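Read through the structures below before going on.
What follows is a pair of complexes built around chain A, which joins chain B in one and chain C in the other.
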Partner chain A sequence: MTKAQQRPLVQEFRLLATPVVLFLLVFLGFPAIVNLIYSVSDVSFETLRQPELSGFKNFVAVWSDSAFWQASWFSFRFGLLTAVLECGLGLFLAIFLSPLIERRSWLMAILMLPLMVAPALVGLMYRLVLHEFVGPVPYYLWTYFGASLSFLGPGSSFWTLVVVETLQWTPFALLLFYMAYQAIPSEIAEASAMDGAKSHHRLWYIELPLMLPTIVVALLIRFIDGFRVFDNVYVLTGSGPGGSTASLSIYIYEAFFKQGAIGKAVAASVILFVVSFAVLYGLNFIASRRKGAIR
Partner chain B sequence: MITALRWLVFAIAAFAMNFPILVTLSTSFKSARELSTNPGLWVQSPTLDNYLAVFQVSDRLNIFLYLFNSLSVALIGTVLAVALALPAAYAIARGRLGERTLLPLIVNLRAVPLIIFAIPLYMMFQWLALLDTRLGLGLILTIVNLPLALVILVNAIRDLPSELDEAALMDGASRTQILFRVIAPVCRPAIVTSLIFGFITAWNEFLFGLMLTTSKAVPITVGASFFFAASGGGVQWGVASAVMIVGALPPVLLGLIMYRQISGSMTAGAVKG
Partner chain C sequence: MTLATMKRGALLVASIASLLASPALAEVTVLGWPGGPEEVALRAAADAYNAKSDVADKDKVELLFFNRDGFWDKLQADLAAGSKAFDLNLLATYSIGRYAPFMEPVELSDEAKVVYGDSVLSTMQYEGKQYGVPTDLSLHFMYFRKDLVDALMKDDTAKARYAEISEKHLGKKLEPKAPDEWTWDDYAATALYFTQAVNPDSPTRYGTVLQLKNLLFNIMIWQSVPRAYGANWMDDSGKITVNSEAYRKGLEIYKLLYDNGATPRDSLSYEFAEANAAFASGQVAAMLQWNAAAGDLTSKEKSPAVAEVTDTVAPPAGPEGRFTHIHGLGFGLNKNAENKEGAALFLKWLSSKEAALIYARNNGAPALTPEVVAEVADARPDLVKLGEFAGKYGYVMNGGTSAKALSVYELQAKEFTGYWSGQQSIDDALANTEKGMAELLK
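Then we have the complex of A and B:
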């Protein structure tokens, strides 16, 4: 093909990508600019259209707000703990149950069921499950152990939420690991068996290293989703008791809708925006460098 | 012996992970009287009264409206996302356009806490009179669905042999014609997968439904919580359970029927994304 013919083709590709670019400019580009302007402005619901520039007051307000740091710490701890628990459990189940699932794939459908239910609904369901009068968990605890816990009280509410999140999303890790485990060529197992390798040696020295990239990706995805958690926490505990279970998403939501502190909410959004993009691009950069090194 | 142990572990895991669904299902069949005496899993005298109550429309609660809203916003958010992603995916995969800018930007959206765009979008929707409309919520769900749809479609098109395009180019077809006449039909499985996955994600979305709707466009995930505040005498747990089962059913059924496609796309989105 000559250059003259290629030219209109490039333009046609540009044309094909235009709708999505325009869509992103309107629905993400514009909000990003509004975020930046409002974060350095004095603004309330009454003066929404005439923000007055006020420097970095909003950022100072967020930075010195202990609730912001409490929410950041909650999000970080929650994301890390649930990611590790989900991936640990998922890895064990994927490998231990794979002989069963290989032959009967409908077993996987049963295990995947929680992934199809809205996290908000699952959160509401736990309000029933843990309810002190109509909930089965306190009931069975009373019946068999003669005592129950206050699952959503101070001290225990964080761990209740961790269990709720872990039980719903372990299937996600399980599914990814099962697929990765199945993708290991069977020749590897046969060859190592010929060489007399024990099965736990094969697991530790061959199979787990082969699955490592998937494990890293799953940890990362689950950390991110745990870090930005909103739905199930919001319907289960609100942010209480005493703001102890407010994630960063809930902090921003409440600053805006409950306190009307628009400037603070927007400044917190900008901080989160900058941090997440920096981390994501950093990770992309590392990933592409490593790919390059292997080539 | 080891097989028995595997079955035991499977049973415990399946029971624990599906426990809230089982409890809700069982509670939805209990009468108000049984609820106060029997909090256990087993239903002694099952009744459909709770479901009948759920489908009773009152001036405060209207489950048909919530279900219809969820259906409409999920359809808008899914179809629009695929319609935007398909041409872009073709330009990225074949024209190598934006491979280092547009693609990572959109894929990273999957990992960004979307709350950071929520407040300006709320203001923008106020100006555009899109608050509490199905179209408005559908547009937001398009953003939510865009990353995975794009990843799935880019991967699908990359896997196609480029001879397919070249043969059509020789015949004098334009790129747009090739996309719709050659590529789209071959990519149908990938398109269907992104539609199913997007529908489930959109149906289950809660945060933007909570923020951007108040009455007319409330989706079922938000509407379900209205039933918890219903009536003066505390929560009617039987009715609340029936609402949750009804609200969870569409994505669960879709997921169970299509779980092979979904498991494939989850892995694709995770590993290559």
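Then we have the complex of A and C:
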């Protein structure tokens, strides 16, 4: 195609892209610029429209705040653990239940139910379920064992939160893995069977490698979701005794609204954005190199 | 398009715009506290006001509610953004300083002093100016099981066991007393005695239930303990005084109870609702709780296991006396109100005796003077106790209405729950709190 032929097409693309670009500039660009300004300003609710530039004071305050590092560690641990547990369990269920779901597809709808509940409601639900005096779980533990675990005590609240998150989001991983498992051509399985491969060999050497891209994507999505967790944790334990269950999202929310430290909260969110961008860029870079190597 | 068509179009647009805009200009919009007795009371007061013949149509009151969760944060954002969506908004003692820059002082009716008294009116004052009408007052009652306490006081064997437990855990032999005579040590000894982990013969699983969630309202409940030992946020010169023996004693009493299992292990995630559920189960002997719980805990329908055996007194005493934290909820004037005149008229009426009695008869919790509360005492006996305790034992910490008061409570909640859960020492908790408060209140 000559340049003269391309010109009308380029103009058409520009015209079609303009609304999207304008939308992004207004709804993402503007808040991003305001955030950057606030992160290097002395600003409060009274001075939202007249922030005073204060250099990198807010970044220093965040960097030297032990609560920020505590929240970062919580988010990292929580994100990693829940991602691994959800994907491990989801993968197992997808393969194990696959023959059953193939014959009874309505089972998938039931398995997906936890995804339909808002995370804040899940938190609220478990506040009731685990309450020593009204919850069914402690009730049966007291009835049959004469004692109950302290589900939300200082030593166990982290693990309770991990279990609650895993129970809600494993169906998401299950859905992805089931689709990926179903997409494996049946001829491959038949051919390997003809060659005498046992089922666990088929799983390990054929099916899992074919599902690997889906597994990586699921791990990444679930890690990001777990890392930025807010709703169910906030409803269930708040930021926890001494801030022990404060995720980075909770840290930013509390700095902004509870302490009125707007500059500090925004500086923390900018740090989070930069780190997330670097990690995603790095992963993308590694993925594209691997792709190149395979070619 | 002809000029006439354009004119007709413009006229139509202007008419629609004026139709949409006029209701907002004509009414007084009040942003209230949703989903509780305060909403019921406010609705009744608004209906009574709107029914008055001398209230012009443009000054009729319309109510607006949004969710309780994050209410104060959303209000903060709305006020800071110069919202005109409401003319009057809810206000609390601990947040007056935070919202005062976006509000205007108000003028109350001539009857206000007679109806509420100076101390209650002061819960809505900031820097000497009145910012609101104190419609509801919150303070704390010591809820206790009178059947259990009566039985303890009649039984010599139980008394001996009580003395043994108090000596072991508190270092002194104590005798059971009537709750109205309790010191904080008596409360602790009673709580330990009624704990099965300490006393396997206890009829209840726990002696008390503490609300230890990292939440500012839980610190308001707890701080009456150190206050009874002379604690305050700061002295008259503005020096922060939390790193003191009084605060240490208050923290240690709660730690002692938590560590000995006198309160559920999950108490570190408990707030108002969880504590009420624990007490209502019949497995708890005594609890320090907001007065707002009295209705539910003494209702046979809502708390059948304990309603008939639950009684209330003011919180226990310490060497410096007996204290209960008080704070008021009320209504103040938005600086950006569109109908300021109408809003001022409603506020003036709301602070009158007529309005206070309507509010009281419809589930509200105004702290009224003895002369006024006598008129509703038959229907609302709990208000008599509320007014009495507020007058005798009510206090607000120095700095408790400042712009950063909420942040101070948040800081204390984080540091003190860190100590109670064993994540940091008492020295660190107090030092961190002192440092943080000095920064916030400078």
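Side notes on the structure shown:
Operating definition for what follows: the second predicted complex is superposed on the first by the 284 of 295 C-alpha atoms of A that agree within 3 Å, B and C clash if a C-alpha of one lies under 4 Å from a C-alpha of the other, contacts with A are read in each partner's own complex, and residues count from 1 in each chain.
Assume a residue touches a chain if its C-beta (ideal position, glycine included) is under 8 Å from a C-beta of that chain, and two chains touch if they have at least 3 such contacts.
Values in this document were obtained by computation on a predicted structure and should not be read as measured data.
Once chain A of one complex is fitted onto chain A of the other, the partner contacts of A:S244 are limited to chain C, with no touch recorded for chain B.
Using the contact criterion defined above for the overlaid structures, shared-chain residue A:F13 touches chain B, although it does not reach chain C. More residues of chain A lie in contact with B than with the other chain of the pair chain B and chain C. When the shared chain is aligned, chain C comes close enough to touch A:L152, but chain B does not. Once the two complexes are overlaid on the shared chain, A:V134 sits against chain B and chain C alike. Looking at the shared chain after the overlay, A:N58 reaches neither chain B nor chain C.
When the two complexes are overlaid on their common chain A, residue A:E254 makes contact with chain C while staying clear of chain B.
When both complexes are overlaid on chain A, the residue A:A265 reaches chain B alone and has no touch with chain C. Look at A:S41: by the touch rule set out above, it reaches neither chain B nor chain C. Of the two partner chains, chain B is the only one that A:A118 touches; chain C does not reach it. Common to the chain B and chain C interfaces on chain A are residues 48, 127, 131, 133-134, 257. Contact residues on chain B toward chain A in their complex (touch as defined above): 3, 6-7, 9-10, 13-14, 16-21, 23-24, 27, 35-36, 39-41, 83-85, 87-88, 90-92, 94-95, 97-98, 102, 104-106, 108-109, 111-124, 126, 139-140, 142-143, 146, 150, 174-176, 179, 200, 203-207, 210-211, 221-222, 224-225, 228, 237, 240-241, 244, 247-248, 251-252, 254-256, 259-260, 262-263, 266-267, 270-271.
Taken together, the chain A residues at the contact with chain B in this complex read 9-10, 12-17, 19-21, 23-24, 27-28, 30-32, 34-35, 38, 48, 93, 96-97, 99-100, 105, 107-122, 124-129, 131, 133-136, 138-140, 167-168, 170-172, 175-176, 179-180, 213-214, 217-218, 221, 224, 227-228, 230-231, 234-235, 248-249, 252-253, 256-257, 262, 265-266, 269-270, 272-273, 276-277, 280-281, 284.
By the touch criterion given at the top, residues 45-46, 48, 67, 127, 130-134, 150-154, 157, 236-244, 254, 257-260 of chain A touch chain C in their complex. Those residues of chain C lying in contact with chain A across their complex are 70, 73, 76-77, 79-81, 98, 101, 212-215, 264-266, 268-269, 274, 277-278, 280-281, 283, 404, 406-407, 410-411, 414-415, 417-424.
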